[in-house]
Amino acid sequence: MSFFKKSPWLLHYDASSCNGCDIEVLACLTPVYDVERFGIVNTGNPKHADILVITGSVNEPTREVILNLYNQMPHPKVVVAVGVCAATGGIFRDTYNVLGGVDTVLPVDVYVPGCAARPEAIIDGVVKALGILETKAAALKAGAAEPAAVEGSK
Amino acid sequence: MNTTWLLTGLIALVAAPVLGGLLAGFDRILTARMQGRVGPPLFQPFYDVFKLFEKRGVSVSHFQNFYIVCFVLFTAFATGLFFAGQDLLLVVFALTAGGVFLVLGAFSPNSPYSTIGAERELLQMLAYEPMLLIAVMGLYLVAGTAIGPTPAAPAVLDTGKATTILACPPGDTNRLSASNQAASVSSAPVPASNTVASNSTVAAGCGATPCCQEAGLPACGTPASKTRAQADRNFKVATILHNARQGGMGWRMLLNLSGIFLGFLFILTIKLRKSPFDLSTSHHGHQEVVKGLTTEFSGKTLAWIEIGHWYENILLMGFVWLFFSGLHPAVAAALVAAVYFLEILVDNASARLKWQTMVKAAWIVTLVLGVSNLLFLFYFNR
Amino acid sequence: MGLGKLSFTALKGVFSKPATRRYPFEARPPIAKSRGRIHFDDGKCTYCSLCELKCPPDAIKVDRQGRVFAIDHLLCILCGACVEACQKGSLSMDAKHGEPWTEKQKLSWHTEAPPKPSGDAAPKA
Amino acid sequence: MGARTIIPFGPQHPVLPEPIHLDLVLEDEKVVEAIPSIGFIHRGLERLAEKKDIHEMAYVSERICGICSFTHGMGYCTAIEAVMKIDVPERGHYLRMIWSEMSRIHSHLLWAGLLADGFGFENLFMQSWRLRERILDLIEETTGGRVIFGSCKIGGSRRDIADDVMARLLKELASLEKDCHAITDTFMEDSTVAKRTRGVGVIAPDDAIALGAVGPMLRASGVASDSRSLGYALYPELSFAPIVEKDGDCWARTAVRVREIYQSFDLIRQCAAKMKPGPVDVKVSGNPSGEYWARLEQPRGEVIYYVKGNGTKNLERYRVRTPTFANVPPLVHMLKNIDLADVPVIVLTIDPCISCTER
């Protein structure tokens, strides 16, 4: 029996989003969507978090930050890419400063489509991520080695 | 300490985290409802802590976790002591020691956020500690037996019902029996065997309960005058409870301590880390120092900090109970719940203030409400 | 000036129904115009590729010869330009939002073998 | 004591939903200096004008920022329309104004929540966002999107608001306006809030002008400057006056925005009253040639769109000067010799939109 499913704490980082998905992630925490019903708390602190929610595409300066945040999170952890920019780079894919989706830097577990992703879609995505989190927790419990920290190729 | 009290202390050690977790669960649901949302399940705090135990931790310095163990041990120790009816002063200092360890733990990783959190926690201690001590003194003056008048010249007052020694809080029927021998016998509750059985109900009521001994009062059969000195000056929780209940102080206890009680409510907001004063760390990490004190802790250590807070909260609620201890237990319980509700309401109706404001406000409250109440007890309520 | 201006609202919250929509358990009534996800109806499509032309993020790829319509939902910004461009009404906006995926499905949608080899009489604008 | 510490504030920080990085040089808890570094969300959006055609650029322009998205789309379209000399039908203008005022309400309520969160008033944050959801519902009902409206196109509006929807919208807005008072009264009158905002981050009118402040920031310092009075769209048809406060502190900036919420309610009512049935858009053909500066009033202040067309379907140059960019110098000016606890409050009262600023 794992408690990860009942108490997932998330950390939100705006990689280079237009704020649209950002404010929808925040809206999930507020009365109308209230994800605290599932025990989800926005910790704002990588050391407390289980789920890394990233909005927006990755560019050169944020890449380091994302890696830093991800590596500071203790295991087990999952990554949810919210919005099309976080998934593929979206409409900004072609610009000179965008490297692409979050998966160019980190292993992404769940992609949430939408521009901007709706709070309902984000809730669905996080709920889906919980299953993955639990599998990872079970693997760790069974004695699997901790996955190595993700290194950025400079 | 007799076995009954020892047992309650041990039970409290086990029960406090459970109750504290439930209290936190209620707190989160109520807070959510006040904010117009549904909120988490009642057992959410337990889920959180169990999850944290499963999670891997990251620690920056080796001492970090050791300090937290000390924090939890001291807090639990303080809680145990309190519910074992032991010395209130010791409880307060053990609690403070726990707090100091938490601060040390937060200092040790050397991260800027947790350092600022630790500094703020120290400022918070600076703000609430005087009032906490005044509260202890107030309780002591009113119900901690008494700083009796010198045996040679007891002041005598006609309460209308019977002649009572003034130093005894009004309505303290225990002392009625003693009034026969007012000049020579102490103001301490007189064991049944020593008393002229003029007021048999009271005497029996007192003698029948084992609380005289539990409270460390002169054992039945010993001449009261001999042990008077140690019985008189006593900070024990058991004594306070005994005097308040057996003495039937009722509302008068709260009335006599009204200033101190209000002041205590004020600092309770700091201690419970509620909104106007949740400077060093708060339940939600939306603030300038992220999570302040707890920023650098993770996994098991964070879970232990949470458990430590549960202990602390139950201890504080027990402290609040002391103010109501003269009342019927059901009334007292309802009042304690009301106090907690009030704290949640205040949490949800105020912004976080700055530390300067906090220290200033806490000290003004301490001076105005606490000290004046104390002076009143010293000079007018002897 | 006053202390606790919000306490009345807070107290009212304790005794009234919360504003929360319990989403996964109770979905709210759909709003008709809501832009949730592009729906493709393969029966009507003539593979004219007008939608591909109008799509700002180039999420739609149409192979006119092979009669393949492909849309990448992880690129689609839900602007609805393709729906407006579509002359045959084979594209429409679904009010329901898209589902989360654990894997990227790059070209995730329909492939259609030509049912009638009448050539591409696509209605070009 | 006196030892300096540097607090890294951002790019990931719970009080900042957006990545801006400030190195706060502290002496104890006093901020001696704040060194901002930006560039975390630069995407290179303006350059996309070379790859997307002018009609697609309207969607791209909306994604400059998700909070004031509608104004971005509208500003871009206004500029292009001026270059191409397109006359937008009256109803199209009114619809645009209704949506832009709705987005102002949504933006200000959102900001109010974030500010409340900045000074640790969680309930106020929740209550503000609870009300904001109601305006978002109206936006979704009329445009189909919650934060990205996608309703502005070159030549007018992509959607119309039916009369029955409009009637419902006005009714809901009236009830929302009534409910807003509980929140705004708290912002204006609660003493714990006043303790955190009054006298904090004061900026004098002269400084505000000299440092180039715009929008509510400038109006809070007593300068009546509102780009809506320049007369884009059909704002000259409506009666309103710029909202001005004198104190120039965080409280005054809050007051300006709070009063603007009610002003926007009023403007929407005026628009609805003046609107007549008719077409909402005109057909656009051809490519722009020439250049234009469009100045609009965003929730955050004056925003400028520069477009330069060369007769092809792609723009030669597209440039946006956003209000937050103009408000950063006054912010850095205010962030000196204050408490660390005041930093989030001051940063938030400029209503930073980093995503606009860096695009």
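Note that the chains take the letters A, B, C and D in the order they are written out, and that residue 1 is the start of every chain.
The rule is simple: a residue touches a chain if its C-beta (ideal position, glycine included) is under 8 Å from a C-beta of that chain, and two chains touch if they have at least 3 such contacts.
Since the model is a prediction, treat every value here as computed from it, not as a measurement.
S.K.: By Cα centroids, which chain is closest to the centre of the whole protein?
M.R.: So the chain sitting closest to the middle is A.
S.K.: As a quick test, compute the distance in whole Å between the mean CA positions of chain B and chain C.
M.R.: Those two chain centres are 59 Å apart.
S.K.: Which integer distance in Å separates the CA centroid of chain A from that of chain B?
M.R.: Between these chains, centre-to-centre, one finds 43 Å.
S.K.: Nearest whole angstrom, what separates the Cα centre of chain B from the Cα centre of chain D?
M.R.: 50
S.K.: So how far apart, in whole Å, are chain A and chain C when each is placed at the average of its C-alpha atoms?
M.R.: It comes to 22 Å between the two C-alpha centres.
S.K.: Could you list which residues of chain C touch at least two other chains?
M.R.: Touching at least two other chains: 3-6, 10, 18-20, 22, 56, 77-79.
S.K.: Which parts of chain A, given as residue numbers and ranges, touch two or more other chains?
M.R.: Within chain A, residues 30-32, 34, 37, 42-45, 91, 115, 118 contact more than one other chain.
S.K.: Going through chain B residue by residue, note those that touch at least 2 other chains and give them in order.
M.R.: 32, 34-39, 284-286, 290, 348-350 - these are the residues of chain B that touch more than one other chain.
S.K.: If every chain is a node and each touching pair gets an edge, what shape is that graph: line, ring, star, complete or other?
M.R.: Topology of the interface graph: complete, with all chain pairs in contact.
S.K.: Per the contact definition, I'd like the list of chain C residues that touch chain B in the complex.
M.R.: Touching chain B from chain C are residues 3-7, 10-11, 13-14, 18-20, 22.
S.K.: Flag every residue of chain A that touches chain C in the complex, lowest number first.
M.R.: Its residues touching chain C are 31-34, 37, 80, 84, 87-88, 90-91, 93, 101, 103, 109-115, 117-121, 123-125, 127-128, 132.
S.K.: What residues on chain B touch chain A, complex-wise?
M.R.: So the residues of chain B in touch with chain A come to 28, 32, 35-41, 44, 47-48, 50-51, 54-58, 284-286, 290-291, 294-299, 302.
S.K.: Would you pull the chain D residues touching chain C in the complex into a rising list?
M.R.: The contact residues of chain D facing chain C are 52, 55-56, 59-60, 63, 121, 123-124, 127, 130, 133, 137, 140-145, 148, 150, 158-159, 182-183, 185-186, 189-194.
S.K.: Under the definition above, what is the set of chain A residues touching chain D in their complex?
M.R.: 11-24, 26-27, 30-32, 42-46, 56-57, 59, 61-62, 65, 69, 91-92, 94-98, 115-116, 118
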